Amino acid sequence: MIDIHNLSYQIAGQPVLRDVSLQLAKGGVVAMIGPNGAGKSTLLSLIARLLPLQSGSIVVDDLQIGEATDIELARTLAILRQDLTVASRLTVRDLVGFGRYPYHRGRPGAEDRELIEAALKLFDLADLGDRQLDTLSGGQRQRAFVAMAYAQDTDYLLLDEPLNNLDIAASRALMEVLRDLTRQRGRTVVIVLHDINYAAAYADRIIALKAGEVVADGAPSTIVSDSLLQDVFQTRAKVKTVDGRPIVLV
Amino acid sequence: MSKWLCLIALAALASVSLFVGVIDLLRVDPAEIWPLIRDSRFPRTVATLLTGASLAIAGQIMQLIARNRFVEPMTSGTGQSAALGVLLTAVLFPTAPIGLKMGLASITALGGSVLFFSLIRRLPPTQPLLVPLVGLIYGGIVGAGVTYVAFQADMLQFIEIWMNGEFSGTLRGRYELLWLAGIAAALTYLVADQFSIIGLGEAVSINLGLSYRQVVMLGLLMISVVTALTVVTVGIIPFVGLVVPNMVSLMAGDNLRRTLPITAMAGAGLVLIADLVGRLVIYPFEMPVGTVIGVVGAIAFLWLLYKGGRRAG
Amino acid sequence: MQVRITLMVAALVLCCLAYLSLGARGDWSFVLAFRASKLAALLLVSFALSWATVIFQTITGSRILTPAIMGFDALFLLLLSLLVWSIGGQAYQALPVQGLMAANAALLCSAALILFKVVLRAGRDNMMQMILTGVVLSVLFRSLTSYVLRVIDPNEYAVVQAASFARFSNIDTSLLTLAAGLSLVAGLGVWHLRHRLDVTSLGPVLSTSLGEPPQRLQWQVLILISILVSVSTALVGPVAFFGLLVTSLTYLIIPSSRHADILPAAALIAGIILVGGQTMMERVLDLNTPLSVVVEFLGGLVFLFLLLRSLR
């Protein structure tokens, strides 16, 4: 479980998160939605200790962020951010291989290699394994990074807008893989999404943020509505229910 | 496979280097051969190999930490800071032993690199070319400081020695510090994966459980020691740290676990060849190694950039 | 911005007055005439270098490139040493001054055109590649020069060496008229192109879609740059970081990307640095350190300070 308690964060005096408290139970896909600047990425970065805590606390399982060791945390949660530019010339296999670093610390074993190959296969990268990252398309590179996070084999996977560079087929494939991870392996995926329809289709729980506060939280069918869009995004869009699932008409 | 070929070629070149010099080994009294090799030819050959390998690795590590391909210790302030340290020691403690000189040079070099990296940390990642720009100007500032001090202390000639690397003065008893540089560079292989990950950026490093700051400091320490030792013993040799890692990266990528040995061999080979050419091209006089590297390295680099790069690119 | 320009004009005028008057002794008319011609040379150099760098950065679309970084100075020295090597130092020095400058300028122009054309073609869509090429080429030229210098005999070495260091204190004023004429022509040319340069600075895609493909301007601009740089190199020799420093400062100080604003400001800043620095060095501090060292040191510090402040 990720337990977030009274979390606040400021950048240059401007509050980005205001006293957020959340419990994210183990297992399932949790989608975070909200307008630009709502604090979603900051929240994710704080959980992943990429930013130092200012006030409040975050506990992942029994690991207190800010106190637990780097390696313990690296084996518990993995994060993938939006910015995927890499100056290094690495092959896809190299990159995915670094996902195993928290376990082998520089000495990969047979098990690590198997997991790397499995990750390449799962994300449809087997043929691209020896290609250099800078020769890939945006979507392929995105998949390589997701595969790296997957290879890290953590209970918690935090993804910041991973669908940005993907077409509809790749987006659906990725979301399905993530959902399978939660169903078959009991993993927890926390994902920032812009497209509410993807959130409604694949998430078990949606958390809506606005101006640094949680304004809605619950199962997609219960919270995605005309009024949510009006409140959170200030836009008038109709929500219809198709096959028992809410769909935003854009 | 190709690694072994490289190693054999390097060994062959090194043995050739033992035979090149003003005195022809084949025509000299056999009793003098051993002292000649022991006191001059062997130290010189080893010095070129150590310098080349450690500078190439230092350049590679610096580029990974800066996440930028255009920086190298000798042009981004580290080399100049080391020279400043040597100069200050020479001005303040003219009789200091070489160990103290080296220590002070390492400290100023480390200070210079830490300052450089704290400067470039603030640069926006959207403008990667600002990094070498700041590096050039920063190196220029420190270099101007060195020239100024030298001018005031009337030591411009000393500066010339440290600013232009040369191996002609390498003799037994005067190059051994380079072994330390070689060891410092070799130690990086133990933490090769950590440095590769650093090259992916701070977020990825933290995510994979690396203590980013420690690894960066370790890298800077290694760069500074290598640079300072090189400046103290042979002088500034530019370009090796820039060209070799870029060439290796173009051909073999950036996974250090795989490429560090190649980088070391390529650096050693480049400096050795340059020194050989320098000894032969205007025989019996010598061309400084930096000049030859400028020509040989530049041509090799351009060729790679336009021909070899296509394959990897 | 008008305020800043006015302030800069005032600062430059002050620097010039200080340069002319401070510490003058003896026959005033003689001193003034002597100093005025040196001042004119300094101003010409400021103008030529700053404008050359600004338009070079515009057509390459990069704020880090300067003709010097791309190997222009290095190429000049290489050609010079080759010339001295082939015809001999005495024959070289026996050439008439004006002819020498004309020959230098012609050499520079043709070499620069080839160099820039090659480099720019190499990096048409790959800025990193272009910069690497330039940096590597300049190392190549510099090394070849020092190779040639080692081969030629010491007397001829001195001829080349005299030309290869920036010298602000003993400027070759006999070239002034020719240099002024060339700068005027090139300057008018640049000014005439200023609006097209504005469009070019938007980048290849936007400028092409606006009907001003960057390739079309390249030749004209390159010729103008070659003329301007040869003027400055002939007068004071190569000054590595000066151009970069001036444009960096200009873009930090002037909140505009219109060439009609940038060009005058760059020339003013260059003038203030050169004339002010030279005054300080020669008249006030009475230091014997070369100005290029001070320019690099203080100018570099100012650049870093402004850069870091602008990021905050």
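Order of writing sets the chain letters: A, B and C. Residues in each chain are counted from 1.
The rule is short, and it goes like this: contacts are C-beta pairs under 8 Å (C-beta built on N, C-alpha and C of every residue); 3 or more make two chains touch, one makes a residue touch a chain.
Remember, predicted model here, so these are calculated numbers, not experimental data.
**Student:** Just list the two chains that share the greatest number of C-beta contact pairs.
**Tutor:** Maximum number of inter-chain contact pairs occurs for B-C.
**Student:** Taking the mean of all protein CA atoms as the centre, name the chain whose own CA mean is closest to it.
**Tutor:** B
**Student:** Among the chains, which is located farthest from chain C on the basis of C-alpha centroids?
**Tutor:** A
**Student:** At what distance in angstrom does the C-alpha mean of chain C lie from that of chain B?
**Tutor:** For chain B versus chain C, the centre distance works out to 31 Å.
**Student:** Whole-Å distance, chain A centre to chain C centre, using C-alpha means?
**Tutor:** About 52 Å separates the centre of chain A from that of chain C.
**Student:** Centre to centre, by mean C-alpha position, how many angstrom separate chain A and chain B?
**Tutor:** 42
**Student:** Show the residues in chain B shared as contacts by 2 or more other chains, in ascending order.
**Tutor:** Within chain B, the residues that touch at least two other chains are 69.
**Student:** Residue numbers of chain C touching chain B in their complex, please.
**Tutor:** 62-64, 69, 122, 127-129, 131-133, 135-137, 139-140, 142-144, 146-147, 150-151, 240-241, 244-245, 248, 288-290, 293-294, 296-297, 300-301, 303-304, 307-308, 311
**Student:** Touching residues of chain A toward chain B in the complex: what are they?
**Tutor:** 48-50, 69-75, 78-79, 81, 83, 85-91, 94-95, 98-99, 101-102, 105-106, 132, 134-135, 152
**Student:** Quick check: in the complex, which residue numbers of chain B touch chain A?
**Tutor:** Answer in residue numbers: 64, 67-69, 125, 128, 190-194, 196-197, 199-204, 206-211, 249-250, 253-255, 257, 312-313.
**Student:** Give the list of chain B residues in touch with chain C in this complex.
**Tutor:** 69-70, 119, 122-124, 129-130, 132-134, 136-138, 140-141, 143-145, 147-148, 151-152, 238-239, 243, 246, 281-282, 285, 287-288, 290-295, 297-299, 301-302, 305-306
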